[in-house]
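Working notes, beginning with the structure itself.
Which chain is which? They are A, B, C and D, in the order written, and residues in each are numbered from 1.
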């Protein structure tokens, strides 16, 4: 049994017949070939697969593609304003060495974007707690926190 | 994991014993049994469906009674296999008459889990064992009702 | 950014980041090949079981199934090899039971592969694997290394009696050490477990193997730290395929931490399968499988005694360790508890007598191998726990005790290296310096005052020290060869100057987060006086890079970087000849200065790009001058490098619950010269958090039947952002005297130094509250700390 | 990991969901954060999922007839940031913010959590302490189940086959009511090892409920009837079967229950 879904991913409308058991993350990676969203675990713990569904950070390994029918999805490939620009968080991660192997990075950035959306002025503590659903094995989180702080600062500048 | 407990039922050891030795009744009181087939006097082939919280799995395997002592007790050996891991146990069950119409049923044994059940189930195994044994005795009590 | 000079020592932003932050990294699982098939495994749910039957009939007819193979199909294929031979004390070779690609007769740990299913889709492969019925006879399992050697314990391999892989000793004769301990004024004894860790790189292992039958050519994409080594081991030792028929690519790799060094059975099996099927076969480990299959780390059971004279000088160290190797001998498993652990037991101290007695043991558990630090964290943990405990027992200050016992500073140039009692010769060191700096950063005296005050108010604060040393830059081939390594441990650096003067550098080191594409480019651009944009670093592809030994043991820059320097020197030498020809000068009169070839004492000079072009347009060349500017070098280091440092942890322990909060962490590391401080700091941060993970959160828990009971992120506690404060780092620089960059390596330092510092801090906090506790087993869960306080 | 194949049906109304459940081996998919991980590991293999996440009627928080009504499909994240909850039931907001992580809170729902009835889930203690009622609906109509009657055993609730939870209704606390939720988290999963929820009413009467401690979340009546904080702490979690795992043995868990009860009592003192 396949079900047709209509989704908008990074501003582009897609329509596909999918098996109900297809996870959203596999839809993005294998069907749309947006491989920036990663799979790091099978218990909804590591956060590497985080994307935005209707603007909210979502673990795409814990959502079925059929559940995303009618939703607006943003992945790491679509978070920057254009191909030639970076989102302030992307810039922050590069400026502050917030990544090493890069595998957790897309999920980190997508989660951090949710944090900043709800709290443009997070304290260090709020950033750390906000990232509790995302594992990084490389950076020790130190520079990730700095990257988010960089972005928060930058985004404030832009709005002012 | 160690599984130990004690339960008093309102029936004589003879009645309890008869109940435990009857395949059809046993099939009704062991939680989750969907099929119980007697192979010989002490061996049963069983199919169980366990549905508890996150886990819903079908088990296939054997139940075997050893050291059978009429109206006193036996050792129940269980081997149950499923797609998500296997369970095995050796549980000593003993009946002690308290009064004419009361029997203390004590059980003591070791339960082993393997595979995904062992990996994911460690925090819950104690609770699951408790829940299943509670269900077993509550079912038994229903059977014993006149 | 076009800085051409002084790139060394600059925190240049990483050039590789753009693809990662935009989601365009290319990891193995991102690759789908034409005609792709997908694999799934049937794995043993038992730690030890005879395989009575495998019924694949139902599975074989399921939708999408392409093939199913079982142990019987690969019976004649070799197992995966071990790369390092260690001998028993009696000279016999260690036991090396076969590690088959699929087991046919007996499963030896949970997760041992019984069958592989290959199907048109991943879902179909998983569905079919579930339909395979395996009949087992469960056997008693053995988990604990110290019990495995007892008579009557379950036997993992028939060929290894008492489950012993090898026994081994190093250092001074045991009689001398026993006597020195017996004569000591104070002996500190510690019985402890250095628990087993699961590496947990966030990218699970993934492989994609394909075979082009028309060109007889294999390609294996693999999430590896060392593609050439995998090619060598797989081709020469497992499958018997000529190496030139196999291309191994390690594309972007999502972290390794050691666990992706090794040659795993799945790599060889998929390559074997693709040849059978003539279709690409891909397998990506699930996290649940990673927990059961990726080689674990540590797992030592140790008893150690450290003797002191009346004034606190160390007199001797005696160590007895059981090292758990798991069910099979992984690629470097044998050298980790021996040559990477025993040889580090001198630490930073002048200990005159040292002996380690080691037994390496098979058990029905996942294989154990190198994990960030590999042997050195175990040695450091042992020493640093003993030192802090001894200080408490002798009522001395732990910093003072260390100062008293440090090896005096030596630069390795004007002063010789330091010869230890356990085989190594340290290259250069200034151990007092890092502790002094650490104490200053901490504000030691103020902390002790605050600690006392806190204790009076019923609060438990503690400080813990760890002054560590490690052996990196692995390593001189002759030395490791004499110790049993079955490979050379040099590195390859190939510099290809393009006619336009742009540079392509091919390194045998592999980057999986370390930032080689940046650091190596800095080195090259600095040396040639070019903008970094003119340099590209190519790594990870056996077809592009002639050879390589890969990345582990903090060796990339010290060994791989040095190989590149060697080639750059050849480029410059050749460039001088070409410049000399252009200016009709003698090559000896040509200098290379700030990116230009200059004829001494004249105004004649040519930029690098001009000479590069001439190298490829060899008109009017004199006889004997070859065209081209393209050099490759093998660099084999003269010695290991020896980074060291001082880590200090401050913790608060909740009296009621035992919960530990890390409130400060100070790390002063001396990794020799630093090319990119930002990257070095990042390595330290990551290492520290991983090391603290061992101290406070992580540990594989097996039940007595060999079941890993915390094999998921719901139970295996990974360190998270909110568990940590900002980490305070500083560096001291004592250059390595024997490699051209003067670098020592920074990848593992954080993970080696931090663990004992945190445990020591918790113990210190407990002593401040009157709980004279010797040891708490790691990880220091709240309950364990609470129990320690109840005694 | 890939779940076993299943049929999928999306319901847009509660009645549609109930009708869909009446046939076959169906399970409800709400936020999916308890069910989907189990299905991916193949620990659970339902033949059919009935997706209720798009039923608008199940979402939202309002005050009605002297009760605060939380739709079963309301996410933890919404509850954590809702102004009505923050002012009238602050410990619901505190607890909601401690569940899982940002991503989980964006999708996980209170109804899904209650129906799943994990013994370490936070909501159990909260609904018990708040004298909440769980409103269920099935083919034979609606039922109102008091929270104390809802939790019946390990992963076992009063919910019958074919029923879904539609609302959680909590009497609006009188002026002067104080609440607290104190949680000691399992460090890996961040479920509760001990979660202690307290509602101290204006008349001084205290409701005390625990989650994570026993096989079922429970009201601790012995502690409730104690005369002092000290006596309550002494009485807490006595006489119940306390769970045990490698993060917290029975003894330690019981100790933590007392420590966290004290924290909660002091917070409302």
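One rule holds in what follows: a residue touches a chain if its C-beta (ideal position, glycine included) is under 8 Å from a C-beta of that chain, and two chains touch if they have at least 3 such contacts.
For clarity, every value in this text was computed on a predicted model and none was experimentally measured.
With centres taken as mean CA coordinates, the chain nearest to the overall protein centre is C. Simply put, of B-C and A-D, more C-beta pairs touch at A-D.
With centres taken as mean Cα positions, chain B sits 48 Å from chain A. Computed from the mean C-alpha positions, the centre of chain A lies at a distance of 30 Å from the centre of chain C. Shared interface positions of chain C, defined as residues touching 2 or more other chains, are 123, 130, 286, 288, 701, 709-710, 712-715, 718.
Counting partner chains per residue, chain D shows two or more touched chains at residues 1-2, 4-5, 37, 41-42, 189, 246-247. Touching two or more other chains at once are residues 83, 116, 120, 122-123 of chain B. Each chain pair that touches appears in this list: A-C, A-D, B-C, B-D, C-D. Contacts from chain A toward chain D in the complex involve residues 1, 3, 19-21, 23, 26, 42-45, 47, 50, 56-59, 61-64, 66-67, 69, 111, 114-115, 118, 130, 132-134. The residues of chain B lying in touch with chain C in their complex are 83, 85-86, 88, 112-116, 118-120, 122-123.
On the chain C side of its complex with chain D, the touching residues are 122-123, 126-127, 130, 286, 288, 656-657, 659, 697, 701, 709-710, 713-718, 781-783, 786-787. Within the complex, the chain D residues that touch chain B are 34-35, 37-38, 41-46, 116-120, 153-156, 186, 215, 241, 243-247. Residues 1-8, 10, 29, 32-33, 36-37, 40-41, 49, 51, 53, 77, 81, 100-104, 106-107, 189-190 of chain D are the ones touching chain A in the complex.
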